[in-house]
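Okay, so chain A shows up in both of these, paired with chain B first and chain C after.
Here is the complex of A and B:
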């Protein structure tokens, strides 16, 4: 169908850019982080100010306010401390002292692990989501693997972690996993209801694509049959029960 | 664990996507702020320690330095989370003016905190001032119209309304033939639906 091909193209473009593109340059590679970081924030804010409200999930450069980017950086990474640090015992709830000693193993969120790695304070090991076991499962049948359960930001984290651990194979592994799952995702999305067993296995990015494909197909069907084009604002939620207009509405 | 509460705050907002809106979680918000204060105190005390030992702040890489770095990073992270929380909510609140109109339903109003209510009012006033100046209602015809008049069915008792030059009684389940621009706000508020044969 001519409609499908035109609809799919931009989608595909967009995602290769965001998931599989080279890891973005990190502006914070120097040791003295504070002035640089501040400057970057200011630049970001200026840009936002100039170009009006930016789209939140445009999927290209993650912005300062990008929720997905922030939540992705919360993924735990296991690290080994190469130095000691005072007064940070709360990082490890089980520890008795408030100091961290050299050689301590810990799971730190990416935002902390990454920055400490740049300062050579910790060494990072490859997360379990990219282990040999996962790779074998993906090779067997990529579409059946529950990537969401492993890491909801599988591709984004992969792109960021690859240069840190110096594992060149992660990039091609991500590409393989994505292309293999993409086919399945697209063919299943067209007739599917909003939540299926398949869609619960998708990572955040995949489910956005899945939803995009599903809703554009639904919009196309609606356009063909000519339904109402005016609708209640989605933010008000589902239709209220018409029999009790003044009753407590569901949150 | 540092930064856990802040990301919890964002997760709450992110997990009810598809255009829904959560009440402002001031409890968690305040907890994150007090966590920030705690980090700030720790950071200052560690820096003081380095200074007391007469070490150079720029080059020292001892345990105190890395402790301070961890507190600094946590502080910056918490700030980013809080900023993103407010910013993303502000975006949604701006949208409300376009989608629902200048008056929010009660259940929506309850979800905003005080400063957000102010923001909504001011944003709404700015749009209205602009529309008055242009003498044009920008919030109607969000979907390109095919016909200036549409047939609608009333879903809730709206009562007597003054449209254009005459008043009309909009009782529940009644059918009307209205100007599209008049019907549009009622439809987006969920009080009417377009009636199709």
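Here is the complex of A and C:
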């Protein structure tokens, strides 16, 4: 079980899954994922219930309760199955059989792809957001690229996917993209209106940054121009509608 | 303020900063007589008509609103002083001139409540606006220099409100750069050099970037 990182796996589940990636130990063991195990795995992963709240290990689980971190893990990743899996056809909506054959290509959410990758059941290919084409576009003019449309969690996914696909250039590519787009964000964020064309192109992380600057400047401007410190409750401003008497009006 | 571990650092709202600024003292010239006031923040008074006395800004504003005193504008709020400061701000692109920590808030409160006690109020008001603009522009150009190797930013003489405006953006920026430039993510310098021209020699991270 040397290949398994135990910190990623709950103890009670270790045995069930130990069959998965161990071809040499016992060739007779079928290297298959049964659906109930997979379901089990899903639940465990969703709860991230392996070790309780956060260790700040490298890249894994920066925030246990971080909503964005959870949402990010739903990003689809294209994988190729290295083993066959009985009864897992439901993972691929287009699949006609109930089984997954070796060498099949499909999109899985990151959390599942990552766990299967740890067990050497799948191989992960570089997502389209980090393809050469995107890189060329970002090199040309980073600020003009609609990263949100490509992947709203571009940076987070990039950090997590880099060690899995073994592409060492992703890290510096991310830094380059962020540095270049940061300049644009800085010059446009303070004093921008609430929604601009530029802000709709920003990824989640960038738009938080953008919003932080914009809202603090807006709050300052409001304070500077706005006079009174006491705000009127919304209900006080309302005028009561006067009901018009329905009787015939006197001429 | 939020602790260091909180990923979403809380900020003060501008009215809260104004509230903090009200503890600064100003000189008033009372129009009434009263013995010493013993308050939690200190003892003030006794008050004699036409004899200047130091009180916190909130008390000064409250008395002024009731017509019980005149507020003496602080020294720095004169056209000459502000002119000098504005000149100096424009001449030194990397340094901020020493001004009271709460100059924006104090000037706003005085403009609002004691406009008849300030000489050349229009001039003073526009000068302070100009100074604030120049300083904020400097902050923005300073922010442009933040890169992965910036660990901290030293902002000497920056005032409370100015810090408060840039705080959320700056903290998030530093966090993001720190994350993306960490050696865990960037394992080795670029070989082709096509993306980062200065990548090969990264050098050690610097602790402080003097400004």
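We take it that the second predicted complex is superposed on the first by the 161 of 251 C-alpha atoms of A that agree within 3 Å, B and C clash if a C-alpha of one lies under 4 Å from a C-alpha of the other, contacts with A are read in each partner's own complex, and residues count from 1 in each chain.
Please note the rule applied: contacts are C-beta pairs under 8 Å (C-beta built on N, C-alpha and C of every residue); 3 or more make two chains touch, one makes a residue touch a chain.
Computed from a prediction, not measured in an experiment: that's the story for all the values here.
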**Partner chain(s) touched by A:172 [first = chain B, second = chain C, both, neither]** = second
**Request:** With the two complexes superposed on chain A, say which partner A:66 touches: chain B (first), chain C (second), both, or neither.
**Result:** both
**Message:** By the touch definition at the top of the document, which applies to A:198: first (chain B), second (chain C), both, or neither?
**Reply:** neither
**Prompt:** Both chain B and chain C touch chain A; at which residues?
**Reply:** 66, 227, 229
**Request:** State the interface residues of chain B toward chain A in the complex, per the touch definition above.
**Result:** 1-3, 7, 10-11, 13-14, 18-21, 23, 42, 45-46, 49, 58, 61, 63-64, 66-67, 69-74, 76-77, 80-81, 83-84, 87-88, 91-92, 94-96, 99-100, 105, 107-108, 143, 150, 155-157, 183-184, 187-190, 193-194, 196
**Message:** Quick check on the complex: what are the chain A residues that touch chain B?
**Reply:** 32, 34, 37, 53, 56, 64-68, 70-71, 73-74, 83-88, 90-91, 93, 99-100, 109, 111-112, 115-116, 119, 121, 227-237, 239-240, 242, 245, 249, 251
**Message:** Considering only the defined contacts, which chain C positions touch chain A in the complex?
**Reply:** 7, 11, 13-15, 18, 108, 112, 136, 140, 143-144, 146-148, 161, 164-169, 172-173, 176-177, 179-181, 184-190, 194-196, 199
**Request:** Name, in rising order, each residue of chain A that touches chain C in their complex.
**Result:** 58-59, 63, 66, 135, 139, 155, 159, 162, 168-169, 171-176, 178-179, 182-183, 186-187, 189-190, 205, 208-209, 212-213, 215-217, 219-220, 222-224, 227, 229
